[in-house]
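Paired with chain B in one complex and with chain C in the other, chain A is shared by the two complexes that follow.
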Partner chain A sequence: MSKKILKLLVVHTYMAMLTVPILFMIVWYFMTATFNSYTGSFSLDNFAFMFGPIESMGIKLPAIWPIVLNTLVYSFTIVMIEVLISVPAAYAFSRLDFKGKRNAMKFLFIMRSFPGVTLIIATFFILVKMNLVDTYLGIILVAITGSLPGHVYIMKGFFDEVPWDLEWAAMTDGCSRFRAFRKVILPAVKPGIGAIAIFSFLGAYGEWFLFKLLIFSDTRLIIGGYIAKLITEENVIVDYGLISALGLFYTLPVILFYIFSQKIFMKVNIGGSKGV
Partner chain B sequence: MIQLKGVVKEYGNAKNKEVTRAVDGIDLEINQGEFIALLGPSGCGKTTTLMMIAGLLKATKGEILFDGKVVNQMEPKDRNIGMVFQSYALYPHLKVIDNIAFPLREKKVPKAEAYEKAKNIAKKLQIENLLNRKPAQLSGGQQQRVAMARALVKEPQILLLDEPMSNLDARLKLDLRDEIRKLQREIGVTTIIVTHDQEEALAISDRVAVLDAGKIQQYDTPYNLYHKPKNLFIANFLGTPPMNIVEGHVEEQDGRQVFAAEGVRYMLPQNREVAKEHIGCRVAIGLRPNDIRICESTENTIPVRIELVEQLGAEQLIKAKPLAGDHIIRIVAENEMKLKAGETVSIRILENKFHLFNLERNGINILS
Partner chain C sequence: MFILPFALLTLTFFILPAIATVWMSFTDLDVKMKPNFIGLENYIRIFQDYSLGEILQNTIVYAVASLGFVLLLSLIIAISTQYFMKGKTVATGYRVLWLIPSLFPSVVFAIFWKYIFDPTENGFLNKIGMHLGAVDEPVSWITRYAMPIVILGTVVGSVSSNVILLSSSINSIPEDLYKAARVDGAGEKSIILKIILPTLRWPLMYITITTLIGFVSSYFFIMLLTDGGPMHDSTTLALYSYQQAFQLKYYGYGAAISMFVVVIALALTLVLLRLFDFDALVQPSRIEE
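Right, the complex of A and B next:
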């Protein structure tokens, strides 16, 4: 056996040892969702939630499609707001000189590494006082305050990587500062915008804690909170078949999304501005 | 015509209220169609000066005039300048043809006309076969050409080149240098190049402004810079191998003037004597290695001992010390001369080829 084959064999054995357990869990997950646990035969009974309200082990679940709509509306609103705020803010932090920039940067850094959960009680009371509990506005404000500093920081890194020369070239080529930003700088930080859009989407899509805390009406739930309803009630035998089915329903879009956006993620890992 | 009148650029440091002057009062006049170079060591303010002409930096004090009109407050986009950056700064998301057409499209030139013009200039720069590539797929030399094309396509009033060749290898540099010069003559665009490469500056431009510490030390033709340096800085800065500088003083002896330093006595020729006021001052003599001859020991020669002989290829570089002194004198000699380290020879200074600088007056040249 040649050395090369031996090397390949070692590498693949090692990788297999690491991935097989994970693969096993995923397969199990699919099986739990699609097989009846009593009869052991294939059935899609667990997916009944897709066709109307259901009741499982004494817990009533409303129809899922309005919840899905809620989830999408909520997630895309968060993405829009975060991108629209963090891109110009990061540009300013990276490129402009303004009063208080250093202190603002410090604040941003502290906010970024601050565990938001510790503030949750205060947040709750503030929202109560402002009459924003059980509203989307309230939850969006809280969610964005938590994730924006980190995203501004990531975005600033992307702007920092764009050489000044590029902006200057655009300005001597007949662009105003704003037009140079739009025509030359924005395309150069596209991977960064993609990255923060994905991060904020995933953050919003996976949110359940804030909903559990700040939203009381079933009609305003998103999928995360919807699933959580199944397990948080006490003295109930949990229907794992249903949870797996719901989980599958919940994660499938994200998995597909990952497969298609892999390229962008790879670029982010490299440092974003390849080719600039 | 471009004029700079007393232009100053200060950078403030918000933290300790310190102000540094990158450019300290520059006066400069550039005629229509002229090719000038801003030359100087790094940190001398040459790029800052260029940026102020481009409008990318605002002058703290002074005036910049284009054709007699003050442009200090004019935005870069309205100045009609073409600029080539050291990094070329091609737009990475655009194809070469779109890069070149970009300035025209920003000027609202119709699409067909813009692309026609872009193609023409690309042909002139021999990059018409690269038009559909992305900048990342080009070599350094090719990117440089694209950057030139993009700067020239809008028929700018002024072409600004910021160290355009410092990222290219030596051979390519030579070719491109000639090409840029030829193109500039053909188009007749007023051009300013910033460089730290003296050979490039002297070869390519009509006039060179040598900067140091934010000030213009001399603004003259390449010939005059080399042969009539205004002060010690210029003399020292230009020329390879560098000029020999020997410190001493001028004294009078039997009605003739003599330059005297440790181990060196040189009677000045009568047509190149210095004014009385300089006698007794600290004076340095400047001798280019090419302007010293190795000869028989006769009157007014200096005996030296050879320390080292280096082969330069076309000639040899001799490093020698005066018998009674401790400073190295570099001499360029023909290869035919068989010289060995340790040998004692005499050197003769060419009568009309030496310079004297008064060190007590900022090193000004007192013979020109």
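Right, the complex of A and C next:
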């Protein structure tokens, strides 16, 4: 028995050692953001950026709320378009027979594992030709195309799991194909739609690279692009308090959103299986 | 038709760029935006580029080392939380903690590493080092150890998604199998080697291929942390193509390097697929059915 305890002790020790840095990271964010670095006492001065434009140690921050608004508009637009495009596409891939389906499937698979970043130079050139550089339309189209194949694939899996009989039953009862899709299939794949909506939201919310590349005006940045600009412009970050406060302000909603969405996921799952 | 929007988007922003990349790699497209066809010149230039050797070496070190550590760490965490501490609250705790780096937006995650290795006395390592008297003056860690730092950050950031995948596979092993093995006198070592690892073969293959392609072709995190510096010390091939295209405005040359990256990624995938299949032939898994 003592051997078992020893073994568990060993496992716990190295797991704890591996996890300490991460704990440290989390604690560090909160500490740096909420303590004044000079006096060492608790203060929320670092969050002053929430109440208007500020200037601290040479860093000029514009008002944050327009940027937050940009972020939300950008993320929700992406979520909506992505769901609207990928759900029908996945349905077609899963259910319909069309010419060249096999090749299309193969292509989807290749596209999903293809390193899309390598195409960014040509994409940039095409956007220049289409006059879409420095516009939201351009960046949204590029971002969506990048993540779409993966999401169509996930969605297809959800459609595949809905039994054919369900659809047939609906159609024998007098539903048109479209009505069957809307009334019967769609409710059954709700968790899938939730999943891709969450994935695309998280992806869009964390985006910074495309903004660095394709958006030139500061007023159109989202938070991610904005922080990226702050931390890559200079070699050294001067005011960690401010930056980590900004980072925390940016991250906390994601964490909350994640916890919240986990709960929804479970509910939807239960509801779905009851219905089927 | 249902897939029309999808097909249109794919056409304009995937197939078209793919063709354009190939085409651009044969031109001298630069900031003037007037492409001239120059044949293979860009490709010849790649092999004459005096920094190519260093960058290729960086790419290999970065991809292989990161992959190795990611696999090792994910395996350790997945096996300890899902086998040794199966069903315990602590295990969930560990896994949730490891999930956090991947939940952090990458820009925020990068701030932390910038703080740890900050070259002024504000940085964590410098503070500790100076407090303990190990270093007399602030050390510029990033200048000295650019590559290891980049690898460390990448590994910590990409472990968690793999842990999830591996954990769920380990979870699918029936408890009876362990019991049966123990009755037959198997130790922990042989349980891990003969039961758990064979089960993980396919997830491991998936992880190896996708993360390797990711490390070879993407450069976001390096860009945030060191931007490839100092000099080319932490520049990988993919980052180099970005720099050539968007910082020096040699779009044609950048595209040629991108093509090179794609070829490498493709070759790696094929080789790995072969390798894993070969393994499958040699050592058939015991609990596949």
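One rule holds for everything that comes next: the second predicted complex is superposed on the first by the 235 of 276 C-alpha atoms of A that agree within 3 Å, B and C clash if a C-alpha of one lies under 4 Å from a C-alpha of the other, contacts with A are read in each partner's own complex, and residues count from 1 in each chain.
Everything below uses one rule, namely that a contact is a pair of C-beta atoms (placed from the backbone, for glycine too) under 8 Å apart; a residue touches a chain by one contact, two chains touch by 3 or more.
Keep in mind it's a predicted model, so treat the numbers as computed, not measured.
Chemist: Superpose on chain A as described above, then tell me if chain B and chain C fit or clash.
Modeler: fit
Chemist: Applying the document's definition of touch, where does A:Thr13 land relative to chain B and chain C: first, second, both, or neither?
Modeler: Once the two structures are laid over each other on A, A:Thr13 reaches no partner at all.
Chemist: Count the residues of chain A touched by chain B and by chain C, then name the partner with the higher count.
Modeler: Of chain B and chain C, more residues of chain A lie in contact with C.
Chemist: Considering only the touch criterion stated at the top, classify A:Pro187 as touching first (chain B), second (chain C), both, or neither.
Modeler: First partner only.
Chemist: Looking at A:Asp173, would you say it contacts chain B, chain C, both, or neither? Reply first, second, both or neither.
Modeler: The first partner, chain B, only.
Chemist: Tell me the contact category for A:Leu148 with respect to chain B and chain C: first, second, both or neither.
Modeler: second
Chemist: Per the contact definition in the header, classify A:Pro163: touching chain B only (first), chain C only (second), both, or neither.
Modeler: Once the two structures are laid over each other on A, A:Pro163 reaches chain B alone.
Chemist: Touching A:Ile26 in the superposition: chain B (first), chain C (second), both, neither?
Modeler: second
Chemist: Quick one: is A:Asn131 in contact with chain B, with chain C, with both, or with neither? Answer first, second, both or neither.
Modeler: neither
Chemist: After superposing the two complexes, find the smallest distance in angstrom between C-alpha atoms of chain B and C-alpha atoms of chain C.
Modeler: Checking C-alpha atoms only, chain B sits 20 Å from chain C at its nearest point.
Chemist: Taking the two structures together, which residues of chain A meet both chain B and chain C?
Modeler: In the superposed arrangement, which is not itself an observed complex, chain A uses no residue for both chain B and chain C.
Chemist: Please output the residues of chain C touching chain A within their complex, sorted ascending.
Modeler: 1-3, 5-6, 9-10, 12-14, 16-18, 20-21, 24, 29, 33, 73, 76-77, 80-81, 84-85, 90, 94, 97-98, 100-101, 103-108, 110-112, 114-115, 118-120, 122, 156, 188, 209-210, 213-214, 216-220, 223-224, 227, 238, 241-242, 245-246, 251, 254-255, 258-259, 261-262, 265, 269
Chemist: Across the complex, what residues on chain B touch chain A?
Modeler: Touching chain A: residues 51, 54-56, 75-77, 79, 81-83, 85-93, 102-103, 106-107, 134-136, 150, 154, 160 of chain B.
Chemist: Hey, which residues of chain A end up touching chain C in the complex?
Modeler: Result: residues 7-8, 11-12, 14-15, 18-19, 21-23, 25-26, 28-29, 32, 84-86, 88-89, 91-93, 96, 98, 104, 111, 113-126, 128, 141-142, 144-146, 148-149, 152, 205-206, 208-209, 213, 224, 227-228, 231-232, 235-237, 240, 243-244, 247-248, 250-251, 254-255, 258 of chain A touch chain C.
Chemist: Mind listing the chain A positions that touch chain B in their complex?
Modeler: 163, 165-166, 168-176, 179, 184, 187-188, 190, 275-276
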